[in-house]
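What follows is a group of structures, each given as structure tokens.
Same chain, two partners: chain A is paired with chain B first, then with chain C.
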Partner chain A sequence: MAFINLKKKEVQVKIVYYGPGRGGKTTNLEYIFKKFQDRIKTDMVTIKTQGDRTLFFDFLPLGLGQIKGYNIKIQLYTVPGQVKYNATRKLVLMGVDGLVFVADSLVERKQQNIESLSNLRENLASYKKDISEIPLVLQYNKRDLAKNDIPLLPVSVLQEDLNSKLNAQAFEASAVEGKNVTETMKQIIFLTVASLERELK
Partner chain B sequence: MPPLDTDRDSTLRSELRKRLDSIFQEDGPNEQKETAPVENKNEMHPLDSLKSAVLSLDWEISDEVTGKFVEQAENFLRRYKADKVLSVFLQILYALGKYIRRYKGRSHPGSTKLVSTTFDGLVKVFDGGLSESEKRNLLNSTVDEFMKLKKTIIDEKKKVPLPEVREVEISEISKKSIHQLLMELGVLMEAEFEKIRDEIRALNKPQT
Partner chain C sequence: MIYSMGQKELDGIEDVLKDTLIEIGVQCVCLIDMAGNIVVSLEKGENQHDIYSLAALAAGNFGAVNSMAKIIGEEEFSLLFHKGDDVSIHFSKVFQDFLLISIFGQDVSLGFLRLKVSEAIEKIKDLLTLSLNT
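Moving on to the complex of A and B:
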């Protein structure tokens, strides 16, 4: 649940990037941080293992300034994608307001995507939250690999596997090239803050 | 006379869009061209699946198409239930979908037309950029259209008393089923309308 301080007119929104390991969640945040570092004027916190994998989470705070008299602050988090770190994922999901599910487009990651989405549903359910009621954007990452003749899942398959019931907005993206990384982030911020419209009147 | 305060009229959504576009503009002069995304967006609109169900309904009224449409409307209703304006549009679509699914080819021709115009209104509200008063006007006119259609359907059904020459051919069972059908339709539309009226009442309630 977003933290809304009516006295200080401040709103804090938590957005979590979720998805299978090595799917590109951290790369999304790194791209945003590098690209807009001068404008957002904050630091990105990241805790990695020796193998350069996310161990705990990445955290990137952003300020949108005043909108309708409220100071809007956004916190972007990633979770470790590896199966063994479920306790951490669950912890990071606590109080989540919006979600980006970063799916891996590689053919051999089809099952991991489905399992990760199912894991997300389960972890949300433990907080009595329903995935269909939380602002959500899907990102089909690594689309750039098609140029290198690496077999990718067609978007229609990804949509069928992950989005047939959810009907969430989806982007084809390449986090390493920055394609649609900003669009994904803008859309999830938009949907999440807009979902608080009633509370902010 | 003081200048109009356009900011006050603009919605949180449109302000938010503008702010996000200004902070995260990727093609600004300070951007490094080599890291800017270069390819097309291939963006899918969140209402795309509902749009495809609306278009299918316009083309063909079958069990599969109407079932899919009702399912889509219900999914979206669940997703956007916190947004009062969007949920009224979606409730109208859901109600029309259930009506068309039930009566199929016999449903009033105005019902599929109203599905299209209601969906167009939903998209306009969803995409932001409308002021609160524009949203309210759009919503009210859609609700009015829905009420008008409901009244027309009920009135036409009431007028149905068949010509005398044919009346002798209709058995008691057929009369009973027509009567039953009319009652069910009335109850269905009334229930949906009541729900929408409650939403409108809640929306018109002054905020405290």
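Moving on to the complex of A and C:
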């Protein structure tokens, strides 16, 4: 639920990083925080468990500059990926404008990816939103592990499992190394802002 | 979904919050929506809070508390208050979609604040109704 403040000429947009636990959602935000520190005036907010896993969400506000005379404020959130935290995941999705689904490329995470996407579909439906109608980018994370001979799901399999019906843009990425992290973010911002513009017309 | 508010409505809401809450010594007051967006925020001079993070956390916190209410059979808790040694924070729901956050020190009593918050919400509701229906 984006908000346009006509007085301050400011648009606030909410983008959520979703996906299975330990998939790299928080690492995406940490990389963005480091890379764009000059545009981020505050600390990144994280609510973690003692074991350093996301408990509620991570939050990172990012100033994008001006588009058509309006200051665009992007609010980046992650959800907790662990299955047991569905109630909090659902809360973070409230009013979402755009989504990044961070899939884990490890072979043994195939089923968790599919289940997490299905969970996203269900949680969006509880807000009467259809996954096919919301701006969405897929990110196949941890591709860097291939060079360590760790077995990864081929991109064709990830596409078949997750993207055969959605046909969303997908990026092969390494959140740890920062590969395609910025590109993923730029694409979801582009799609979300374009979608808001269409809605305003 | 997208919604907007114009200069007139936002000025009106700011005036209400200034006259009823900032005037009695509240350090910071924010009207946010349940997605964590800031509709209006006012601070009393020297206190520079990170209001974007505060709004995100407040919306999440309020959502979590409402979910707890449902688990114990309540429809909702419409009022939430956290007491600190020097500074406290008070949340109050405005319609279904908005939350009024007041940050205040020991110089303001909770009872008086609650009275003034209720007064402010009644006035804000009229302005929000006007704004959301146009």
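A few remarks follow.
In this text, the second predicted complex is superposed on the first by the 195 of 201 C-alpha atoms of A that agree within 3 Å, B and C clash if a C-alpha of one lies under 4 Å from a C-alpha of the other, contacts with A are read in each partner's own complex, and residues count from 1 in each chain.
Here is the rule we use: a contact is a pair of C-beta atoms (placed from the backbone, for glycine too) under 8 Å apart; a residue touches a chain by one contact, two chains touch by 3 or more.
Keep in mind that what you see is a predicted model, and the values were worked out from it rather than measured.
Taken together through their common chain A, the two structures put chain B and chain C side by side without a clash. Of the two partner chains placed by superposition, only chain B is touched by A:Lys68; chain C is not.
Applying the stated contact rule after C-alpha superposition, one finds that A:Leu6 touches chain C and leaves chain B untouched. Applying the stated contact rule after C-alpha superposition, one finds that A:Val45 touches chain C and leaves chain B untouched.
In the superposed model, A:Leu200 makes contact with both chain B and chain C. Of the two partner chains placed around the shared chain by superposition, neither chain B nor chain C is touched by A:Arg109. When the two complexes are overlaid on their common chain A, residue A:Tyr77 makes contact with chain C while staying clear of chain B. Rounded to the nearest 10, the superposed model shows the Cα centres of chain B and chain C diverging by 110 degrees about the centre of chain A. Once chain A of one complex is fitted onto chain A of the other, the partner contacts of A:Arg89 are absent, as it touches neither chain B nor chain C. In the superposed three-chain model, the partner touching more residues of chain A is B, compared with the other of chain B and chain C.
Minimum C-alpha separation, chain B to chain C, in the superposed model: 11 Å. Taken together, the two complexes place residues 200 of chain A in contact with chain B and also with chain C. Residue ranges on chain A touching chain C, taken from their complex, read 1-7, 12, 14, 42-43, 45, 56-57, 59, 61, 73, 75, 77, 87-88, 91-92, 94-97, 196, 199-200.
Per the touch definition, chain B reaches chain A in the complex via residues 11-13, 15-17, 19-21, 23-24, 26, 30-31, 35-39, 41-46, 49-50, 72, 75-76, 78-79, 81-84, 128, 207.
Contact residues on chain C toward chain A in their complex (touch as defined above): 1-7, 10-11, 33-39, 50, 52-53, 56-57, 59-60, 63-64, 67. Residue ranges on chain A touching chain B, taken from their complex, read 31, 34-36, 38-40, 64-65, 67-68, 132-133, 155, 165, 167-172, 174, 177-183, 185-186, 189-190, 193-195, 197-198, 200-201.
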